[in-house]
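What follows is a group of structures, each given as structure tokens.
In what comes next, subunit A is part of two complexes: it sits with subunit B in the first one and with subunit C in the second one.
Moving on to the complex of A and B:
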């Protein structure tokens, strides 16, 4: 019984585990206080602004950088100092890093040459991957003659032919044009599902991450801000940084007035807000907080609603159209900017005159309260 | 890779030239390209043609006279000593090119990839330092080092070894050639190795190559053009060098360059000397063409495959 339990424990042990990992370059931290578990078969997206330490994290997994403190374990085994060539964790590089002096097929075969695989077998496996990724006819070409999308596929084939446990991808779509990005996104997501391989995918593009990953990690200045399922991170940002980074969120500063089972009341310069969402247990009365409300969950009306709580009166100062979606920008008391995202159709009921006053309604269940740090 | 970039840059330049399509651009090329063409024409092509013409001249009563005779060609091509010298020159130059390539590589690898840019520049300066002293002085220094009573033999003597004959033979000549070509080979290799994209090296590590395997699978292929060009230059310089075989090789048996001098000194045989010189020029011409075809052909083939 106990033996069984520990066996399942082992199986359930995270494939990859970062414990207090830190990486310093000179005096500056590229990554710090990094704690993360990645399970078998996960598609993890690491997201954050440029320079926040995403590539460094991935390079530490690949063994191309070594942590200055902390532990990285794979299947429970410490791999901090393990040489990259012993890890078999292929990386798909931001600019592909294909070998220009080899043909496409030779590029894909490259990693197999250190395995004890016969030349014929190697060829066959490499060609199979080229076929599978729809570039079977490019085998004899030089990588320098390929388009971005083709090179991207070669890079994927070169990594996947190794049948790795983990595939690392560093902004693999950042050099492709918009149409290609959407296509490759779908392909990569399908590939990951079909293969069941763990993907660690670095990107600074949130739509990429949310479209593909089953877990997202938001990083800022070398630290993890939040980890969770895409929708959870999108709907329930835990910090102001995440709220600003994902989606289009309205952020209003305030102070907790009262705290009851029916909700939290927060006093702001725009009036009182009630939130029925659970809050961080450490927040008591008089705590400084932010009100977070996603722009697509705020409603606009021209008539003043009866209840004055969670209603802000604001002046329309701008609008921007993105396809069928419209973002209206308002200015409320004290210069506070508020955004509302609507479907184009919903606009027909409103007459939109610039500088006209509107009433913005924040539903208590769509209003979040997070600590202000 | 560097090559393709150059090609693209060249193509771009051509296009802008066409776009502006201006006479001023042509004038620009004329003004700045002209002197070089003129210089090459006057001091390289013209003497070469003259030399070739002279191979058909005759020497009568120690007087050079214009003629059309194949006697000089027959005399040289039929002479065993000329072919021996040819092979000796080729062997010496080949050894020098090969040894220099192999010996320089680890140093170029280290300087090019394992050091900071600052150390690399310092290294490049040190590599060039020998150019500041005359090659003749350097070869005479080797005589005192390698001679029968030289420093090296004295040191080996303390160990109870030797003396070894290290000058007045092929070994001496090759040491001289290496002294001549090593800095150039090292520099060319250094530039091509330090131009390799570091990500390719990391990609190789990432795909399972340890540093040793990476040298053969990424660094040598990546620096291929530089390595081949360096070896070619080493051969060209050694093949034509006169000082090493004279000062360190002992002149006897002769190399082609020594033979040329002998022909002129011995009987003012300028036409025969010219025959030998033409043989050398043709040999080097073929060799350089092959090297260029190898280096530049690779990328044209690639481009064609597209």
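Moving on to the complex of A and C:
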């Protein structure tokens, strides 16, 4: 009780705080060692491959799963075992979960009915939200007749009409087609800014997360790998998993040779690399490390540069076009695969023959060194 | 080949429905004996039945049994199906199998067993005995219909109701029951039809409180009266109506579901 009181008194108490949260199903951990603070007005995206525990985390927030250890607190108050209907943290479901036997308007009114809001009042508030989300004319329709984008808006209205402190979203855009996804991303991001409430958004899709969130949580095998602002996570991955999962990165194994004034020198089977950007400055000599270099920050040259450091000679083995961007795939010594991402226009200056040799240049600034685990 | 198949199907239907049609036709024949050619059209046998208090009384009993049975067995069947849907527990498959067994037991054996059991606990020989026995027989049908519907309920629909502030009872009332409503209605109609027609068990446990099918058999055991045709035609129409209603409810709902897909 005293612990509760002191936590509540703390003016800096986060809106939501996970402390050492763990969730086991049988013998396997769905979530473990989970520590996270979510502040008021944050747009947090929890991201990871399927089975990483992101949805379990969201379900624990909604009260649909209860942690097997650790604490979840809201405004300092422990909510580990609180029933879902007492939480007031509406969830926007992946499959929308609209009630098919009610009309769109009745769906939006559902939560207000549980609050015993008068009929006139709830009808007005529900209609306002439908209007605000641009589906005011669908009120009398059955949810079974709606398109995916319309159904998603109804689900949003149904949750937001409760004026919650926190909105939970579970892969809300995964069932929509590509154009609709971009539109809804913009709408959801604008909505969150306008409302100023906290969004906790679970997705396996990094472009969704990076487009909307101001904080990104990367999860793997039940644990948090990295938390940070989108650009920070994108540019400075702290673990090999994050480097592989986020963006397109080249990963080269190596060993630290020395710390020199010009940077950290790393010996790899592709030669020596100098990095002026080691993530963890305490790494000693002889530490096993990974060199991480984002594919869009590596440059390609046909002539051998003077300096032999940070240059890898590699054979072009393939290319893939993705609109204005092209990813070139090279093979270096020992079968090491390297990727370089270029603008379509930059490609025109290079004459590309398969199996031709190129020199890839890694800038010391853009070459990260992270510990190998 | 196609012709043969059609012919075969037609023959099957003829064999199934001919006796019923014959009974229907002769119930409107003036002649006391079912002979061809038909003599004059008449509703005399229906009038006779209506004038016979014993028939009306047994019909009234059948209606009471059918209505109470249908509501009770649908209620229990819904509960059993929901338990199977919502919870995971030890022996779950066994539980479902046990629940499905009563209609597979020959009715004679079920009737005798019911008679012995009910007299042991002092509940035999009354209308309530028939109701108890019929609930046992009908509940699996209700359970099967509701289970099927629950299996079509979208994931998270109930959780979505909790999430919007409805506790478990309220979610049951506002989401689970409305979603299953077509199946619940169908279950009520089907179980009512089964109970209305059921003879063997009722014969064993009803004692002096004869239901309509028991009354009819007692009548034809002694003599053959065209009144039986009249009763038969009437109850057949009633049962058929109930079954058709159940079908209409289910099919109409399925159509709605398909439109969504």
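Please note the rule applied: the second predicted complex is superposed on the first by the 355 of 373 C-alpha atoms of A that agree within 3 Å, B and C clash if a C-alpha of one lies under 4 Å from a C-alpha of the other, contacts with A are read in each partner's own complex, and residues count from 1 in each chain.
Just so we're on the same page, contacts are C-beta pairs under 8 Å (C-beta built on N, C-alpha and C of every residue); 3 or more make two chains touch, one makes a residue touch a chain.
Every value quoted in this text rests on a predicted model; they were computed, and no experiment measured them.
Partners subunit B and subunit C, once the complexes are superposed on subunit A, run into each other and clash.
By the touch criterion defined above, A:182 reaches neither subunit B nor subunit C. Of the two partner chains, neither subunit B nor subunit C is touched by A:347. In the overlay built on the shared chain, the residue A:110 is in contact with subunit B and with subunit C.
When the two complexes are overlaid on their common chain A, residue A:140 makes contact with subunit B while staying clear of subunit C. In the superposition on chain A, A:69 makes contact with neither subunit B nor subunit C. Shared interface residues of subunit A (contacting subunit B in one complex, subunit C in the other): 62-64, 83-85, 88-91, 93, 95, 97, 99-102, 110-111, 113-115, 142, 144-145, 158, 162. Of all residues in subunit C, those touching subunit A in their complex are 154-157, 159-168, 170-171, 174-175, 178-179, 181, 256-257, 259-260. Those residues of subunit A that touch subunit B in the shared complex are 62-64, 83-85, 88-91, 93, 95, 97, 99-102, 110-111, 113-115, 140-142, 144-145, 158, 162. Remark: subunit B residues 1, 4, 197, 199-200, 202-210, 213, 217-218, 221-222, 224, 298, 302-303, 305-306 touch subunit A in the complex. Those residues of subunit A that touch subunit C in the shared complex are 62-64, 83-91, 93, 95, 97, 99-102, 110-111, 113-115, 142, 144-145, 158-159, 162.
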